[in-house]
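There's a structure below that I have some questions on.
As written, the chains take the letters A, B, C, D and E, and residue 1 is the first residue of each chain.
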Amino acid sequence: HAQRTVNLVGWAIGPDDPAIHRAENLEAAVDLMNAALEERGADYRVAIETDFETVSWDDYRRRILLGFESGQAPDIIISSHIDIGTWADAGYIAPLDDYIDRYEAFGDIADSLWDFVTYKGSVWGVPLNPEARPFYFNKKLLAELGWSDEEIAELPERVRSGDFTWRDVIDVSVQAVEAGVVEEGHGYWHRPVNGPDFWHTYYAFGGRLQDEETGQLVFTRDAALGMLTLYRDMVEQGVLTRDLINMPWNDWHRAVTDGRVLFNSAGTWTWAQWALEFGMGFEAVEETFGHALQPAAEPGGRPNTLSQPLAHMLFAGSENLDVAAELLSYVVSPELDVRALESAHLPVLESTRALPEFVEDEFLSQVVYMLDYTTAQPIHSGFGRYSDVFFRAISAVEAGQVDPEEGVEIVVDELRRALGDEVIIE
Amino acid sequence: MRSGRPRRPEAGESVSTRRAGAHLRTPALFLTPAFVVIALFFVLPAVVTVFLSLTDLSARTMTNPTFVGLANYEYILSSRWTPIVVRNTVLYVTLTLAFNVVMGLALAVSTSLLPDRIGNGLRLLWLLPRITSPVIYVLIWQALLAPAPFGLVGNLMGISRNVVNAHPWPTVILANGLIGASLGMLIFTAAIRSIPRDLFHASAVDGATTWQTVRRVVLPLMRWPIMFVTAYQTLSLLASFEYILLLTNGGPGFYTTEVWSLWAYKEAFQSYVGNVEFGLGAAMAAVLVVVGIVASLVYLRVFRFDELLSRPKVEVN
Amino acid sequence: MSADVRNGDGVPVSLRGLAKRFGSVEALKPLDLDIAAGELVAFLGPSGCGKTTTLLLIAGIYKADEGEVWFADRRVDGLHPRDRDVGMVFQSYALYPHLTLFENIAYPLRLKRLPDAEVKRRVEQIAEVLGIAEQLGRRPSQVSGGQQQRAAIARAQVKEPSVMLLDEPLSNLDAQIRLQARGEIRRLQKELGVTSVLVTHDQSEALAMADRVAVFRDGALHQFAAPDELYARPADAFVASFVGFPPMNLFEGEVRGGEFLTDGLRVPVPRSWPEGRARLGIRPEHVRLEGDVEGEMVGFEPQGREFLVNVRVGARQLQVLTTARPPDTST
Amino acid sequence: MPLRPRAWWLVLLLLAAITVPIVVGYLWIVIGSFNTRVHGITPVGEWTLENWRFLGERLGRRPSIWTALLNTLLFAGGVSLLVVTVSAMAAYAISRLSFPGRGWFLGLVLVLHAFPAVSLLIASYYVLRVMGLFDSLVGVVLVMTSFMMPFGIWLLKGFFDNISWEMEMAALVVGASRWRIFRTIALPLVRPGLFALAVFTFLVAWGEFILPYTFIVSGRTWTLSIYLQSMLGDFERADYGLVAAVGLFYVLPAVAVFLVGQRYLLDMYFGGSKG
Amino acid sequence: MSADVRNGDGVPVSLRGLAKRFGSVEALKPLDLDIAAGELVAFLGPSGCGKTTTLLLIAGIYKADEGEVWFADRRVDGLHPRDRDVGMVFQSYALYPHLTLFENIAYPLRLKRLPDAEVKRRVEQIAEVLGIAEQLGRRPSQVSGGQQQRAAIARAQVKEPSVMLLDEPLSNLDAQIRLQARGEIRRLQKELGVTSVLVTHDQSEALAMADRVAVFRDGALHQFAAPDELYARPADAFVASFVGFPPMNLFEGEVRGGEFLTDGLRVPVPRSWPEGRARLGIRPEHVRLEGDVEGEMVGFEPQGREFLVNVRVGARQLQVLTTARPPDTST
């Protein structure tokens, strides 16, 4: 009897080798699904053509958008969960609620992750590759500063308990600079370009980004002021170099792996990067760096981290929506999910956490607790602008162009102008 | 000798009407491809852009944008950054242009004074920035300007800061200037080579040193090329932002080195999340188009480019 | 001499009230001119007098502002140049530098899409006639000026046009070759019987080659006559001074009692001449340095076999051509 | 320039001095492609050929670099050919044909250059879509052509201006149409100009990234610029040694084209002739 | 005639073994030449014979490969052109197109940083002398060729150089103006007494203007003599054929028994000539169309006052210049 082949197209994005599994898992899922189809005696088989993108997010999103618009978008798109807001609003992606119910495989996904892909009461994506963004400290430098091994070993716990705060980061850094352990401006480094890492600190200062009820964006003046003041103080006290913003990533990592920076905020994937790409090797990384949650703002405050998982989304205009959705149910199988480890991301399935590969990965099994402290960025189409304005303010404060108060006022102004009643200023 | 035979108007009539038709057919044939390209890829997009600028088109509303009138323009006007960005744009265009033209001239003249082989070699070196991919070119800059111990400049001058951040404007202008200089260099060199040898000989015999010949003969003769490069580069620079985007991304701080086209690009194309404001970006692009058109019209008049057109010596087509 | 032209393929050419202006410049004032079939007419005149303009009007490159051009009974103004059946040779030769002489000459035939064999036959034939058969494979830059000029003629001639237009075809040639080329062009033109117009500002060329010469100045025709008539009976002072080399001596004066009188100079003239103010022209070769006139030699130029002597007689200067070496040649 | 000054080596010294930064920059990238770590321009890491492995193998899911090279050659070559063709025709008309509005047209062409290409991207997208050229190489080549056309017309107009009118007249009287003259006489005579424009356009198209990347969504036409960009995504993990090597590889063909085309480039004269 | 030159400001110029090659082309073979102070010497020869090269060597534009250039007792090779004190007029005039005629002429003075008033005085004076005072405000492209040429002379002359070099200054002029310009240049040169070298490939120009003429071919000097000597006693066949117009008739033949014999032609020669193979040159104007020789007229050209007739005698062609109109002028 005649057998149809349903041809799907899937796009994924990520840095080469470590993330290639995002595309390869789609292909592997096709084999799983075809086996199941054969068993089931279905009259069709599935094929997929994947495109794995390694250029910038901007370019990737623009291409997707034009694809959506012209009807030439792929059936399955892997992108950041925060894209859901815009694309769902525009009707480009399909709600997945029915499918989530239909295939029990999805039930294995950790409950906390569904929040990331839920927007306006519907689920729009199947999450993958969540991560945590740890606060790293250089153990060797701390030792140089006179910290005992115990003191160093206790640090993550002190952070977790809210005992070691951002203010302490400044104090220790100032000591380190004074003691000549690190150069001036090399006490604490955040990421050099715009990105999600700033929000955990904003949250730490009590900031809110989105109103649960209305879905509107929220800007918390005090939190922003606290955060900007923190950075201003860091720059003024020689903890954070005022040239940090716009530094090429390469130089950033080089400085960190050369042991010239005491504290930094980065991601779980950075761990592998330092070991492999910056030539340290896992052993040296292990010896050099310790990781903790991002500190709290006040003693006793809640430390946190931030996660920005990716999501599989389905093009609403796809002719094979059902087949594509079914394929996703095969992607969420533990043997595929576990490949997230390759890029130092965390698995999404509960059952994957039991697999030996995961248990044997010391680093990831050590940081997985962070998911309990995780925060997320809002799913809102105005958030890009919001984030841009805020980042510019950070840059301006660190460069000494404005003081934190002015910075906050400018942000408020800009947000009102750009987003109108889509943003609540509190 | 006059024949005195009366003219035959009928013949003349029919002949001249046929001629008039044929007369325009040939230019039309030659210009059609250019016209099609212009219509499809300049006029139409410009019109579409103006139209889009009156809508709230964004990634979210792409399927059903709504008409918002001049709201986007009001938004631009009401922005506190508009004056700064305008000032930046003027600064960027004039300084880079000046660097381009002066450096282009200096390079063209000086390489022309050297033996051909050496001159060609130097010109190739100066062309390298233009033919190198922008990302690589910026990579080089960042590398050389990085803080010690990575950056050469930092190492040599003992600056521990990242020079791009410490001196954003000189960096932006130099980085763009080096690229633009090569266009001027090529065109000016070609212009120098087209000056008859006799003029150089005459000038030498008249008692001029090489420098005097350059100043009194060569430079004045480069009027057209200089004007062309000035006009062309002004427009190129108005629309260019790639290197600023990669070098400073408009920073550091609030809009320190942000120029209009970069602003427009960011509004229309760059966003941390999926939503981008095409409508607003289109309004900004439309402003740029208008500025560019005005600038080129001014150049056309001031530089009297119409003098470059001479009456064709063949009157039939 | 216009009597003995052969009526080959040539057609009579008739210009009727032909005129052309460029902006405010009247390049050609309304001109009537009839050229017989097979005749070679020279347009002679100083630079800027409208010779080329007239030629280009005939060829159809310029559009006339007024007037008509007739080739026999065909009115051609209004026709595209390619429909007029003319051949043209330019001062610069205008050979195509990227083509060999063969392809240059073949160009008009290729346009007619003649078969290759036919093209080859005709190009080789005309090249043979003009003595450039050996050079056909070369580019214009690889042959001498004289050969280029012949190639240009060949190209104009190869499609056997009924009218041939030559714009200063010889002026870029060295003096030695020029002489030879004159003869060749004249011979070819006679052989083929093609009606020809030759533009030149060199009076010796016009006189040597043309059946009739049209003398222009400032866009107006001054005289149209056979060479010997032009030389012997110039229509006006301009023609008199322009034709003949070294130029004629011209004096303003008065005819009285069988003599022409001007400052310090008196010349006997036929009694029949009317008395009163007049202009007298004397050719330098008709003056002999003898007799009782007192003069001072103010200039002296050896011309090879002759000497051109500038003599001041009273307030007048007189140019004299003589074979005798003057007694003292110091200024 | 004739009359080289006696002290030309002084000029050379001066020029060399201001050229040092460029040399140093490219030295850095050359060293960087062969060494694991560079401080300033001093290699402090190990020497390696590892960064050049892309010559022999495929990196990740990218096609072979040679495929990308071939695509880029085709793309740049196609754009170059089209720009030359369209510009030559228009420039010939402006320079040589008499029709009302010649000056206006030449002005218009300069004005066109004022249209910021990238800002019109979205608008161009709509146009391409309406024409059915979105998602096709043809569309991208056309848009690219339109960007380079103003330059091309100005450049070639100057060249056509310099063709002797007599050559054109000679062809006209022997029966050629203007189109025929254009093809058989004018184009060959401005060959240096055509080459100059072709080389220049080629070099520009060689570096183009945004257009081919954005306007071709299904499947992928890998050009070298996309290949290079794909190693530099914003994932904090660019392998700079590899990027340097690819970057060098990328610039080499352009250098070769320049070297071959330099004598034509140095003949592109924008004075135009008057009269 | 070189005897009567005035010793004005001119200096004697002496070339000693001067030679120049371009790659494999020997543009100038080692040349010795002495030019007297105030003398006008013409360099005559066909295209490419090295005339311009020699001039540029004297001016210092080219560096000599060998040899020396002396201006009086100053050795100048090795000096920059500006230190040689020469003026030069180029065939193309090489006027600066962006400057008015005034500024063109003033250019050498401005370079010397003369005060404005002095510049104005001197420019206006020389412009007056050369008759271009009216045109001083115009650009070169706005004046006629003749005026451009005069401006070029003025520019070369204004700084009163001790040596003046003129490279075909007349070749771009119309025939009529050329004649006038010859006289002007000669007059000016004599007045100022500046040592001058005039390059030309027009023998009539050289003969008419120069005190002495140096005839070149292929980079070598063939003869250096006064014009009449050159005409009357050419040093070799090349000079004989190159000097004189129409060119001399040259025959290969044999002298035997007081006669020169060649195909179908016998000419009586002085008994004193040695017997054997020889070449005989006869100028066209020295042949008379009379006597018993049988010949066929194969060409005929009116030259205004004379006729150039081409006669075939046996296998030889002979050019004859005659004032008598031949009996039948049809070919």
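The rule is short, and it goes like this: a contact is a pair of C-beta atoms (placed from the backbone, for glycine too) under 8 Å apart; a residue touches a chain by one contact, two chains touch by 3 or more.
Everything numeric here is computed off the predicted structure, so don't read it as measured data.
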Chains adjacent to subunit A and to subunit B under the stated definition are D
By the touch criterion stated at the start, how many steps lie between subunit A and subunit E on the shortest route? 2
Which chain pair shares more contacting C-beta pairs: B-D, or A-D? B-D
For the Cα fit of subunit C against subunit E, please give the angle of the superposing rotation, nearest 5 degrees. 175
Let me check something: if the centre of a chain is the mean of its CA atoms, which chain is farthest from subunit C? A
Taking each chain's centre as the mean position of its Cα atoms, how many Å separate subunit A from subunit C? 91
Distance between the centres, which are taken as Cα means, of subunit C and subunit B, whole angstrom: 53
If a residue has to touch 2 or more other chains to count, which residues of subunit D qualify? 2-3, 169, 172, 177, 229, 232, 240, 275
At which residue positions does subunit E touch at least two other chains? 61, 80
For subunit A, residue numbers touching 2 or more other chains are 57, 62, 69, 193
Hey, which residues of subunit E end up touching subunit C in the complex? 1, 4, 46-47, 144-145, 174-176, 179, 182-183, 186-187, 190, 201-204, 207-209, 227-228, 231, 242-247, 283, 285, 299, 301-305, 308, 310, 329-331
Subunit C to subunit B touching residues, read off their complex: 14, 16-17, 32-34, 60-63, 68, 75, 77-81, 224
If we count contacts the way the header does, which residues on subunit B are in touch with subunit E in the complex? 196, 198-199, 201-209, 212, 216-217, 220-221, 223
Looking at the complex, which residues from subunit E come into contact with subunit B? 56, 59-61, 80-82, 86-88, 90-92, 94, 96-99, 107-108, 110-112, 155-156, 159, 165
Contact residues on subunit A for subunit D in the complex? 9, 13-17, 20, 23, 51-57, 59, 62-63, 66-67, 69-70, 72-73, 193, 249-250, 252-253, 270, 273, 277, 279
